[in-house]
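Can you read through this structure? Questions will come right after.
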Amino acid sequence: MNNADLILLAIAIPALTPFLLAATGKWPNLRDTVSVIASIATFAAVLPLLLAVIDGARPAISLVEVMPGLVIGFEIEPLGMLFATVASGLWIPTALYSIGYMRGAHEKKQTRFAICFAIAIASAIGIAFSGNLFTLFIFYEVLTISTYPLVAHKETPEAKRGARTYLAILMTTSILFLLVALIWTWNIAGTTEFRAGGILDGRLDPAFAPFLLALFAFGIGKAALMPFHRWLPAAMVAPTPVSALLHAVAVVKAGVFTMLKVGTYIFGIGFLGKTGASDWLVWLAAASILIASIVALTKDDLKARLAYSTVSQLSYITLGMALAVQMGVIGGAMHIATHAMGKIALFMCAGAIYVAAHKTKISQLDGLGRKMPVTFACFTIAALSIIGLPPFAGAWSKWYLMVAAADANQLIIIGVLMVSSLLNVAYLLPIPARAFFLKPKDDETHGDAASSRIEETPLLCLLPICFAALGCIVLFFTIGGLYEYLLSIPIRPESLP
Amino acid sequence: MMALIEANLPALQVVLPLIAAPICAILGRGGRSWAFACIVILATFAISVALFAQTYAGTIISYRMGGWEIPLGIEYRVDRLNAFVLLIISGSATLVLPYARRIVAAEIPAERQPLFYTAFLLCIAGLLGITITGDAFNIFVFLEISSLATYALVASGSWVNKRALTAAYNYLIMGTVGATFFVIGVGMLYMITGTLNLADLAVRIADHGDSSTLRMGFVFILIGIGLKLAMFPLHLWLPNAYAYAPSAVTAFLAATATKAAVYVMLRFMFTVFGFDYEFQADTLRMVVLPLAVIAMFAASIVAIFQDNLKRMLAYSSIAQIGYILLGLTFLTETGLTASIVHLFNHAVTKAALFMVAGCFILSAGTCSISKLGGIGRDMPWTTAAFVAGGFSLIGLPLTVGFISKWYLVLAALELGWWPVALMIMASSLLAVIYVWRVVEVAYLQPAPEGTVRKEAPLSMLIPTWIFVGLSIWFGVNAMLTSTAAGRAASALFDSSHILWKE
Amino acid sequence: MSDIGIELDYIMGRYNYWLFCILMMTGLYITVSRGNLIKKIVGLNIFQTAVFMLYISMGKVIGGTAPILTEVPETIYSNPLPHVLILTAIVVGIATTAVALALVVRIRESYGTIEEDEILELEHDMDFGSGAAQGDPVA
Amino acid sequence: MEHHSILRVVSKLLIPPMLVYALYVQFHGEYSPGGGFQAGVVFAAAFVLYSLVHGIDALTRVAPPRVLHALAGLGVLIFAGTGVVTMALGDAYLGYYALAEHPQHAQEWGIVVVEFGVGMTVASVMLSLFIAFASHTRKLDDKDW
């Protein structure tokens, strides 16, 4: 089996799993087994590709020519490979976790949930492997549609409203801006292929570059750049595995990944740096980082706080691209991985708390740390990683971003990153602190008989959490390899005279 | 025998359904006349395919009715453009007829069914005639044949809801006014040139040059055809006519009737008057362009507030016609390609959606959106078809709607018309709203108490899904449609430019 | 004074067009303004007739006779083609009128009136009266 | 109806000439003004006159709607069928030259046959229309006259 077939396989496995899931829907155990096996199989298909890409291979395959010159095709480069590895790798713990969660929380329509989940993963991998912007756009939209039923899963009026916001913002931005940007790119460049060094240099009038970049930056709504971030908190009505999927694995990462791709392979870092087209984006991203962090501070709902934290963290990656230096791309790409690891752990913890204690507010968590020590220990590790303290993975990506800011002579940005870290401390650390050190309130919350039965979450939930927390630490010590790997992202045009 | 048929394909294309219509009436039984109509339509479709294949390379087939010399007699002329439209019309008919059997049986009394199929065949013959003929007055005659049949078909919805009668009446008044305007316009052209043959008209008009009579002729034709194709604000007949016609009729009309009228418009604007006719270019950009944009928004917004699914889709059709007209007003090859490809794409999409509405009516007894709660569970396949068609209406990738939007926006960007490009996209967002309203009700709302609904019969489901399949297939692999449309556009473009060269 | 003469000539020389305009506008006005469905059809017919007259007057060649072959070779004939076209148009017009009248008969049977405003009122009641949804069949 | 003798007599006098005149117009259409459209209408008018005097029931006995519908269809078939025949004979649709050797005869034959079909359709459609509308109205009593 050659690499090109593996690409198709990696997408086909999660894309075809829904049929199996639908067929086995009547037998929950069988269905969930299918789901887990599919996740492992997908990862198994992605791994050999990763090894090949590390060796310098660039597998490619084109499927069908939709319109003259417009091809649905895949081509793997280091950035996409990283995202695919993250998405497929984290699908395994998420799949396990969602079984535990969905059963623990007695959710309905678990088959539909599993089906949409698999499609979402398939489209995330499709995004990662896309050989051109057009293919990427297709999978981007598939991802939007397939996650809609997940967000609306509970079918309550509240869930419907949240899902509506989710869909409205993602659709509006993608159709109104991203598609126009795509067609514009096609119009001036005659292609939408991802090429090292970008395809716009020499074709696009530098005066228009900031506008095109703006269409892209706002068009990629999944990157949750302010002011188009509202969908993320709105989507918090979803079951927690969905939140994990949205915030760590698929949706938001697809957004920032697209942003990096566009910056690196459509505009080209060199072109951006030369024209200064992305200067405004640096400041917008910086503002987004700070404002979202401050908003997070005000939220008492655990998931909402995490959501705003995500908004802030995503802007790091956008920022990395906008700095228009190689180190920025590396830092951004690294942040995809490290933030994914940390955030998935945080969300799984939030879900675990809900399943075990039915608590969603931070103010209700007092003293819960003693009943669920493992969960909260993992929460702390993940929080520290997000904050960016060594020896946790998040430290490295922040480090490289700061290096990038220095490279780009944007010293204020270094300050912004530091302030942001402090804000992270302020909104993340109080949560485990309350849980561990404050006494449980005796009135209504813990005093009744039901609360005395609170104990650690189901094992199926707990294992993935531990795995993700462990990942935060492991990633810190193996970052050298990742850095080496990310250096292979081609920045300059391949064939320079 | 084969050679004989081959030589007379253009005539047979129209004559076959025309002859079949009275036979259908004489046959007398619903089932029998339906089967007969099916066979005839299949043959008609085969002829269209043959014509399409013959002209795909660029040959122009010219057929002289009654053997008269060309500018004197009536000419049937098939080129890439109308071969494509013929294919759309007969193809839609081929799929709608099998679908019609069950829903017609439910909506129309048995003794009236043969007449229904007669009118249906007449309507097809008229539409095909409009498309194939190369004679301006002949277009009028066929326009009226198809329209008269359509009025009758729409009115036959009165067995279900009496409002079909007033809908048909309004359609008749506006349609007749439109047709008469068209005749006046043709008369003006005849006054100037003394010919009715379209190709001949083009040459003579170019020789004659601009004049106020020519301008009057153009305006009359524009308004006349505008009425027939429901150009905003001449669309008032359409929503009720579509909403209260029998479901099979709605599906067929949505796919074909306005398309044939658009074809006539294309033909007159670009074959007869030509791209370089300045008055036309001005009118298109100053009048038609704003109207098309208003249609895109106004009709979509009205669609959002409709409770009747068919009415909602009807308003959406008006908006989609706005897209087609918008493509024309660009006056570029890409713009024309966009319009022509959207002719096909919208036909496929809308037919599928109206068919879904018909399935709902058959199974649930209503297509009122507020009563369709939870129908996604009872009729999974039908509802899935709606979702897929809705995606195409929105213009999501991998559906035909996307291809249309792509070409339209590309055409706008080529001209540097920024605001227009953004408006195209903004109006497709309105489509998200009205499609999603239905999706939400169908999947996330509980079913009303005490409803029993079961999946639509296969005879209806299969044609619906063929349309859906087409809308996906030609969304994934649009080479055939986009090349065909592109070639038709470039043929129009080339021929049209030669004419006005001084 | 010769100016006026030209003006008069201009007007009188095109009297067929003026007639056509007046008839056409009359017909169109009736169609649009009358509430009675039958009167609308009458208006439509006047409107169509105007067009017939336009065509027929167009085919007239001054000094020409009816286009029937005569023995005299230098006879000038009027153009017969518009007549033929209008014959077809008349037939189409009759068919349209027949369908329209048939519809009016059916409307009268179902609604009990052929006045447009009364019909609109009835339809408004169907839409918003007593909670009937639009999509519902009406028995 | 029996006592309206004037009407009866006049109609008896008028109807046969009307029918004959219709046939004249019908079959001289290829040389002189006339043809199927006009003939059909005159032909139908004779029947309408009959029905005005003797009542709609009398007319439907003479020309039952079902027969009229069939005749209308048949007329179209004659028209269109001629075209198909000429096609089968190797000429274009409605290319009459294939019908006979002498071109003038061929044209004549073609026109006569086609016009016959037209006349038949027009007459029967006119009558069906009349019947359709007339049978919707209330029956007239003798004293209403």
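Order as written gives the chain letters A, B, C and D; numbering starts at 1 within each chain.
Simple rule for what comes next: a residue touches a chain if its C-beta (ideal position, glycine included) is under 8 Å from a C-beta of that chain, and two chains touch if they have at least 3 such contacts.
Keep in mind it's a predicted model, so treat the numbers as computed, not measured.
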Original post:
Among the chains, which has its CA centre at the largest distance from chain C's?
Top reply: A
Original post:
Which two chains meet at the most C-beta pairs?
Top reply: B-C
Subject >> Distance from the mean Cα position of chain C to that of chain A, given in whole angstrom >> reply: 67
Original post:
Quick one: chain B and chain D, Cα centre-to-centre, how many Å?
Top reply: 36
Original post:
Roughly how many whole angstrom separate the Cα centroids of chain A and chain D?
Top reply: 79
**OP:** For chain C and chain D, let me know how many angstrom lie between their CA-based centres, rounded off.
**Re:** 25
Original post:
So what shape is it, when you link every pair of chains that touch: line, ring, star, complete or other?
Top reply: other
Subject >> Of chain B, residues touching chain C in the complex >> reply: 137, 140-141, 144, 148, 151-152, 155, 158, 160-163, 165-166, 168-169, 172-173, 176-177, 179-180, 183-184, 187, 190-191, 196, 243, 306-311, 361, 365-371
Original post:
Along chain C, where are the residues that touch chain D in the complex?
Top reply: 66, 68, 87, 91, 98, 101-102, 105
Subject >> Residue ranges of chain B in contact with chain D within the complex >> reply: 4, 8, 11-12, 15, 18-19, 21-23, 25-26, 63-67
Original post:
Where on chain B is chain A touching in the complex?
Top reply: 391, 394-398, 403, 405-406, 409-410, 413-414, 421-422, 425-426, 428-429, 432, 436, 440, 443-444, 475-479, 482-483, 486
**OP:** Could you pull out which chain D residues touch chain C in their complex?
**Re:** 32-33, 37, 122, 129, 132-133, 136
